[in-house]
């Protein structure tokens, strides 16, 4: 039984992990930490948990990490690198939701940190070398042996899983891949904001951080790793009026010698043995409904021969495969459990 | 391991049961029947199930009922009474979603059937006597011994659970209880209709079947049973633009000698030992968010001394406690399993 | 040409008035005042107005009221009674959106003010006597002669218009009328809040301020005026996940000697000459879609003889007939213009 | 006073025109035609029009076209070319919503017709030569002199207005422009369908007709006209869960010698004198909220120097600038009225 501690338990990332661990046959919650609602029962703060979990929210530092086998830091950037040393010293493993441990080295981190206006000096650069990047399908072995996992950004999961097989196979140009990514509103977190106020959002859509989103850094890192050379991307993030889901349409220049059948085969091959990736048959419809509430990523590929374009469409639930689901999948791998334990289920329809 | 057959597998009631059984530790699906998409895999019809269930949809009559321990007829009125004899003859139990087995006798059924424009003669009147009414909290023992359960209507669950303790305790007048019930759109089922077309519905709300809804019959039956005498109700059903959920505000005339504390105590007492009913502390907020995706029913009570009014507010997920969740809870009871098996979990938030 | 000044121009109530005045043939905007975004163009703050209005937002007190014929205080409680003396001294008329001028006298105001936690002493009690209550259909003559109008609360418009004809006709009991009122989220205003954050609201519904909402005071005042004696109500306000609209289901005890036809005739008679009230034929469906974006109030009546219940269902757009629309209708009346000028149009469908 | 006849009055395109004409100072409705609800009042079919319009719906052919100055065929493909001869013979002008009169010649029409599975032979090829393409901003003079206007497709308006200035200026490559277009659900029309059923759509998004949508034909036609040479596009149409609006993100290869300032100037220059096109300042946010309910098209441009990408983002209301609004704008131009008459207003916010 893996003992789980969640730091940042009261946000969407923390709640999502609570819900998952409560139904996981080999894990149990031992501690919930947050800076808000300290001393209250999580079930009073989030009453959908009444009758299921009555842990009290503790303040950061109120207890140490010794009672946990794994700590999830479901927190903004900066918290992970602050607590990592203590977590590891206590013998626990760390899965961090933020960008703190996603970059391969301190130089790359500096680029990322600048983009979000943070101090560009990483507090624990040695851990960057050691940490695994948490897209399980790409780094399963590294994750299995890691003490620290940098859980991927939600847009990054969507973009990387959508196009990685084509990049790996050398089917597309590396000079520019365009990612047009549409997210539901839960991606913005639990904190209210004028642009996510219901009356402002229910009939709204807009692009933001256009070709300047911080997830671009990790997407280029991972696609370059797959390509064995530099890949450049243009990422245009958008918000549409639904709660859970990311749909990414990825556009790449298809190389000569590739057609739809060959591309599809490359995707099917790449994701063989990946229970959460469902490569759609050519022409089959895909939609957010099919992944919402689950840890699946559905990917479909299209080719426009007239313009030499490969289009890959990927769908995930941003709070599951894009966040807590991937984190739990990583935990399973880190602790030698079946990768799918507590995760292989459908969301509700409708 | 309880072997489950679902008739009407492709509608919302059937899908909901599939999702639940797939995660139930002591039940498994053996057969899916529907009149649409016969011969196709359920995972092609409802692709959120890909990788989880690959049963082929069979036509009615294509196989008998002998391979199942329990048959769920997630079907419109009339199917249950058509197949019940065969189900029982094959040694299986029957849980029917429609109004076929909710009424206590043939006379009451005639009233109900007239209201929905069906033949008022029940095909199997003897089974009406034998069948249990499937609000588990009110008929646990009868359900445990029943071969046939009439699963309750979604509005009926909401109304009955919201006010039954007050009626039982004699705290309110029986001449008229008003139920103002707001449902999400999934209550109308999977079949498209002009008034549920997204553009017509996303900003719409309306009352319908005003004080003439067929669920009135079973609500009066059950409340009269609790009261030990005739109870009359006025039920005003409404549709609001969300997918899953029913909120009922029930208004009753509070008898002299009753105040909020006494009423609240009666509710707490009535629902002691009922893991899915959460009676809210007086003044505590309740909302659909807390029950959506789960089998819980949250109930809160309020008293307006100025007008002598008891207000009870109840929240359920119409597809869970209002349909498939209650049905599975009944199955657990009928097969001697823990009532909460496969059901005691939270919905996703948000 | 009526010169219009709006105080509180940047909130939903102010924006709604700007949109209306821009299309009004006999009114024009001369000044916009707000405490936020002072010095900015309204078109930069609310870019849907780009190309239509380029007035700069002024701070309160930055100019006097002399340039306006009418001042709309689209502000929270307290502002109206603070500026009224200056407005009138400058020769302008005042239409106030808050509760400042809705009560008939200082004693009633004290009850109202206590309910919202404000100082119970009115600053200008003499103006309470003089001010007209702004449901045009009930007080057309008084409004025509008034210098100050207390524009009604959105729930109050919905409840009063829904049942006033029955009360006036003596068709229903006065001991208790129940109003079950469902509002869209825009009723909460433009300021973000945790419970109106899109992910928390899109699938949510809940009751709040149960039988304790401040609009109860003005509803009882107005219905008592119609009845010629005290009327008591129980008001249960609820939020459902749409943006614009209030649907109220009003339950009253129908007196002996009244039936549906007679009640319907009373409604038709009461609203003869009221261009914005559409009394539906018995049995005809009504819905929020029909009033959204317009100044109409659609009312339908139902009778349940079995329980002696009159049900009236009323629909309004809370930001139009429930706020800015009523305010403009009152302005028309106050300035001797056709009551419907700039208002008699349909909302968009869908 | 322009006398207006609408064929297809009961669909979203027809209703939108009714709403607009009712508020237009120089136009009035004389006849409504539809194949459904013949003989009923339009106000009974669409009750939001009660009190505003009581025309009876006539069957096609029930009257001739002699009573109208302009006929809008708000109908599917095929109707326009069927009635055009009669309309013109009666001395009226024709504005057709479908693809019947958008193509420059019979050969291009054959390509278009094949894509939607229709007979590839145009019934009135001579009229194709004569008809004007109805994006007012590009063909104002031709429209002013035309007897027949082919009103543009909703996606086409969005794509063409978003990128035309860059194409015209020679700022971008012609080999491939990518249009990633997201539409609200009203674009699918009033007829219910399984995928637009509220429970299936409220949390859904998906791509469809991927790089195969019929609007591609007219977009390439118009952009090629602007470029003075062949332009190829890849159009990926998507549905997101809102009602009104299209957001298109257009990606083009920026030529050497162009930067953001120069591109922005080209856009501002191109749209000088176009009251409905609002070119956003570089960096200013844009969103669907700002155009919903209005005839505006908001366009913003972005440059990513790293990948040599020009991104243009355009927003329209698909039922206004994407359909009825453009049609009315064209009517104004055809009848020598101010282009903005009855159209220059904001939608409601929120």
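Going in written order, the chains are labelled A, B, C and D, and every chain counts its residues from 1.
Rule of thumb we're sticking to: contacts are C-beta pairs under 8 Å (C-beta built on N, C-alpha and C of every residue); 3 or more make two chains touch, one makes a residue touch a chain.
Because the structure is predicted, anything quoted here is derived from the model rather than measured.
A.B. asks: Between A-C and B-C, which chain pair shares more contacting C-beta pairs?
C.D. replies: Top pair by contacting C-beta pairs is B-C.
A.B. asks: Of the pairs C-D, B-D or A-D, which has an interface that repeats that of A-B (more than half of the contact pairs shared)?
C.D. replies: Among C-D, B-D or A-D, the interface that shares over half of its contact pairs with A-B is C-D.
A.B. asks: What is the distance in Å between the mean C-alpha positions of chain C and chain D?
C.D. replies: 37
A.B. asks: Rounded to the nearest whole Å, what is the centre-to-centre distance of chain A and chain C, using the mean of the C-alpha atoms as each centre?
C.D. replies: 47
A.B. asks: Can you check how far apart chain B and chain C are, centre to centre, with Cα atoms defining each centre and the answer in Å?
C.D. replies: Comparing mean C-alpha positions, chain C is 39 Å from chain B.
A.B. asks: Pull out every residue in chain C that's touching 2 or more other chains.
C.D. replies: Within chain C, the residues that touch at least two other chains are 12, 184, 186, 199, 202-203, 241-244, 286, 289, 292, 350.
A.B. asks: Any idea which chain B residues touch chain C in the complex?
C.D. replies: Interface residues on chain B, with respect to chain C: 175-176, 178, 180, 182, 184, 199-200, 202-208, 210-211, 232-234, 236, 238, 240-245, 247, 249, 251, 285-289, 292, 302, 304, 306-309, 311, 313, 350.
A.B. asks: Which residues of chain D touch chain B once you look at their complex with the stated criterion?
C.D. replies: For this pair, the touching residues of chain D are 12, 184-186, 190-194, 196-203, 241-243.
A.B. asks: Along chain B, where are the residues that touch chain A in the complex?
C.D. replies: Its residues touching chain A are 12, 15-16, 19, 22-23, 46-52, 186, 202, 243-244, 275, 278, 284-286, 289-294, 296, 298, 319, 344-350.
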